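Next come two complexes, and both contain subunit A; in the first it sits with subunit B, in the second with subunit C.
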Partner chain A sequence: MLQKTIDWLDERVDLSEIRHFVAEKGVPVHTQKVWYYLGGMTLFLFGVQVATGILLLLYYRPSAAEAYESVQFIVTKVEFGWLIRNIHSWSANLLVALAFAHFFSVFFLKSYRKPRELTWLSGILLLFLMLGFGFSGYLLPWNELSFFATKVGTGSAGAMPIMGHFLLRLLRGGDDVTGATLSRFYGLHVAILPAMATALVAGHLLLVQRQGMSVPLSIEKKLKPGEKLPQMPFFPNYIMRDVLAWYVLIAVLAALAAFYPWELGNKADPFAVVPPGIRPEWYFLAVFYTLKLIPSHILGFEGEKIGVIAFGIVALFLVVVPFLDRKSLRGERSPVFTVLAVLGLVYLVTFTIIGHYAK
Partner chain B sequence: MTADFDRRAFLDGLLAVGFVSTAAAMAYPVARYLVPPVSGEPETASAVAAKASELKPNSGKVFKFGNRPGIVVRTPEGELVAFSAVCTHLDCTVQFKADTSQLWCACHNGTYDLGGNVVSGPPPRGLEKFAVNVRGEGADAEIVVSRA
Partner chain C sequence: MRRGLCVQFLVALVLVAARASAQPANSCLTCHATQQDARIASPAALFSQQDVHRERGFACADCHGGNPAATAKAQAHDAAKGYKGKPTGPQIIATCARCHSDAELMRRFAPKQRVDQATEYATSVHGKRLASGDTNVATCVSCHGAHGIRLVSDAKSPVFPTNVATTCANCHADAKRMAGYKLPDGSPLPTHQLADYQTSVHYNALTKGNDLSAPTCNDCHGNHGAVPPGVGAIANVCGSCHAVFAEKFATSVHKQIFDKGCVECHSNHAVQKPSDAMLGVTGKGICQPCHTAEDKGDKGAAAAETMRTEFEQLKAAIDTSHALIARVKNAGIEVSDQELALREAATKLTLAHTEMHAFEPTLVAPIIADGTKIAAAVDVAGQKGVSELEFRRRGLAWSLAAIVLVVVGLALKVRQIDQRRQKSDV
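The block that comes next holds the complex of A and B.
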């Protein structure tokens, strides 16, 4: 039956190129190949987000008057609504975590080196987009916690020099976080960001397919001239392993959604007293806590501004890393960048933990 | 050779069963999710349609009866009648036509008499009739419409 359908298609649109690609595609086998799974797992969760996000759209209402009630309706009245919403929330968090893991693994293995600069570029932009998804989606249930966290988050954007105030108004749709902000974040979350992410994911995957998997520098150096690493066929050997990893994710997601339901909290009230313990999602904690630590004035400049500029420089550095790391470009070891990555990782982990427990 | 083939076929079958069960386990909650829950709102029993004084003879008014429209009419003879304003053809909202003293649906030109019966056009049956009571006296009197 399946074969007949393929033959039918083949007669009309020549499938030989796809068949050739499927038969030829291989994955290099070596001791570091475990890191290859992270990208596929992140991609899988992106798919989960798209599917559950579309389902949530069927009942969600993006207005200050109805948003909270509609989410409440989804989790209490709609059959399996709790499951869809919990999976969407948990999967979002796992997605960010895996995207970070993918990012660090690529950084440590120096897989960004020539010829994969563009893959790195699309990947780092995707990482930023995922953070944007998290930031905009956090507000949508319109509860106390997300409302005040959004005030703080958009407020730090307002600390940017020169264009800060403009950016703050652009994000909030006014001077304050109101229903207008909710409309904007909704549009961002379900239309603008998905469109950008789809284009970038397509480009990212196309590049990965075109260039094949990168072999880590350390392993490449051990090869004798002319020697090639053994390959594993992608179909079906490797894809089956990918699917296995996805099944692990499904199990983890289902368990988290069932046993640790995502809280909805109280409806946002702009005139309520700020409840204690307002903090952003965990992946913004390190930045949030750092900005808290910076003294109000450094050498006559506003501390907050300096912090925001510093983070901007770090982001820019990450974008252009493949062009700065000249050594790995020549196929040499580049310990400086490894040290930078270690420092970055240690900073993120410690500040996230401290930020979590800090009062 | 055959033993090897059988083992492979068996494992392939097992894998297929696994994938199909996964798909089914995902499709079931999604299918249930897509069906909107039954509205918790109780069926409206009665509603205030209008002030008695605002309805002149040979006029009508569409009012909110629960979450669907109703229509109350004072006939040229001065009698009050009320119906569901949902046309029985395709759920459009009917209106009162003073020139013919009939209820008329603008969507497909269906007409009903003031007893709610179909006069002409595509509606398959008459409009649901409601009971009308007047509560209070004088200028404050309210027209109360209830499910018959």
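The block that comes next holds the complex of A and C.
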């Protein structure tokens, strides 16, 4: 039946190129190949987010008066609504975690070096987009925690120099977090960000397919002149391993959804006293805690502004890192960038943990 | 230009001089402040610090008379200039009332303030005893202070709600000072009111719950017209806050029997948090000894026991449902409707407790039945939640089993195709 369908299609649109690509595509086999799976797993979770997000859209109502109640309706009255919402929430968190893991693995293996600068660029922009998805999606249930965390988060954006106030008003749709903010975040979460993410994912995948998998420098250096790494066929050997990893993810998501349901909390009340323990999602904790630690004024300048500028510089550094790391470009080891990555990882883990337990 | 500046300077100088001369001279403060005797120096010092009268432009002479412009003591303390010295007893009331009973004057400083304090005071036990010549009783300054007087709304004022009990106790907890005073029934005036009050729910609400509307001494006894609430007036006093309880109690048979109204069961100063155990003729029941368990024909005893049993049953039903709902909620099932229903059931229990003050079981029973019905419905929803939880876990187990099967199958297939590739490579 499948063969008949392929033949039918082949007669109408020439599939020989695809058939050739499928037959020829290979994945290098070496000791570090385990890191290749992270990208596929992140992509799979992105798919889960799209699918569960569309299902949630069927019932979600984006207004301050109805948002909370509609999520409540989804988890209590809609058949399997609880499962969809829990998977969407958990998958979002796993997605960000895997995106970070993918980012660090690429950084450590220096896979951003020529000719993969554009792959890195699209990947880093995708990582920022995933954080944007997390930030905008967090507010949508319109509960107490998300409401006040969004106030703090958009407040930090307001600390940006020159365009801070404009950005704050753009994000909030006014001076304060209100129903207008919810509408904006909803539009951002379900239309603007998905459109951008789809384009970037397509570009990222196209580049990966065109350029093939990057071989780590350490492996590449061990090869004798003219020697090639053994290849594993992408179809079916590699793709089946990918599917296996996706199945493991499904199992983890199902267990998390059943045993650790995502709390809905209390409906947001703009006039309520700020509840204790307001903090953003875990992936913003390090930044949040750092901004909290910075003194209010440093050498006469506003501390928060300096912090925001510093994070902006870090983000810019990440974008242009393939062009800065000249040594890896020449195929040499670049220990400075490895140390920077280690420091970044240690900082993120430490500050996230401290930020979680800090009062 | 320069001429203009000179004129402006001269005008400013004249204005400053005129303003300085408008300030009344007050030799009282300058002279008293230098005195060695603290009794003479401290009033001036206190008055110079925070004092509501000084802040509104009043000076020593407004109460004490005399000539504040004079620097010599004889001229300053000249009786011809109205010098009165330190007012005592009825003079204090008259001195304060001179302004505080003058509606026209008070309107200028505190338009909302009452001006009948002196009239009220005359009707109080303090006022009556003062009129009969007892100068040991409280006057205005005993509670408000004489110098350094603060507004009643100032938390440091001795008559701020949280300080009233201590202020009253300055005299009323002093056994020596209270010796010889008697209650209307002839018994000696006790001095343990403050100690009792500090064990009460009212004191707790006021001082620990920061509820400034919780009653302190003056809320029941009155402030300027302070008297012990007389027989028959107690229910009205308590009812001014606990209106519904008073209304129900007014319809009860006990209204005719209880001389002291609410106090008969709840005490006066040491009002404790009421409990269901108070109702009945067994254990801590306070219906005994008027009613007894031994007397099987005692309808009052039977009614009390019936109502207590009903309260305990509804309370137990609510607690059980609460525990069930909490369990389901912790497992991630949304139960806000049930939580709302349980609050409704708790309201029914409160209503039943209120209705109980009419001491008529037939009025309590329907409310208890409503509450029990709500709790039972919550229980059903809770059980449904438990079933849903079991369903979710069963579903997870089955899906995990299916996933594991697929994973194992895929792993085997990967191995097989890897082996096939290796063979073909060879």
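A few comments on the model shown:
By definition in this document, the second predicted complex is superposed on the first by the 359 of 359 C-alpha atoms of A that agree within 3 Å, B and C clash if a C-alpha of one lies under 4 Å from a C-alpha of the other, contacts with A are read in each partner's own complex, and residues count from 1 in each chain.
The definition used in the following text is that a contact is a pair of C-beta atoms (placed from the backbone, for glycine too) under 8 Å apart; a residue touches a chain by one contact, two chains touch by 3 or more.
Please read these numbers as outputs of a predicted model, since none were measured by experiment.
In the superposed model, A:Gln32 lies in contact with neither subunit B nor subunit C.
If you count the residues of subunit A touched by subunit B and by subunit C, you find the higher number for C.
In the superposed pair of complexes, A:Thr352 makes contact with neither subunit B nor subunit C.
In the superposed model, A:Ser63 lies in contact with neither subunit B nor subunit C. When the two structures are aligned on the shared chain, A:Val78 is found in touch with subunit B, with no touch to subunit C. Using the contact criterion defined above for the overlaid structures, shared-chain residue A:Leu55 touches subunit B, although it does not reach subunit C.
When the shared chain is aligned, no partner comes close enough to touch A:Ser183: not subunit B, not subunit C. Common to the subunit B-facing and subunit C-facing surfaces of subunit A are residues 83, 247, 250. Looking at the complex, you find that subunit C touches subunit A at residues 331-334, 336, 392-393, 395-396, 399-400, 403-404, 406-407, 410-411, 413-414, 417-418, 421.
Interface of subunit A with subunit B (complex): residues 55, 58, 77-81, 83-84, 247, 250. Within the complex, the subunit B residues that touch subunit A are 22, 29-30, 32-37, 40.
Residues 72, 75-76, 82-83, 86, 232-233, 236-237, 240-241, 243-244, 247-248, 250-251, 254-255, 258-264 of subunit A are the ones touching subunit C in the complex.
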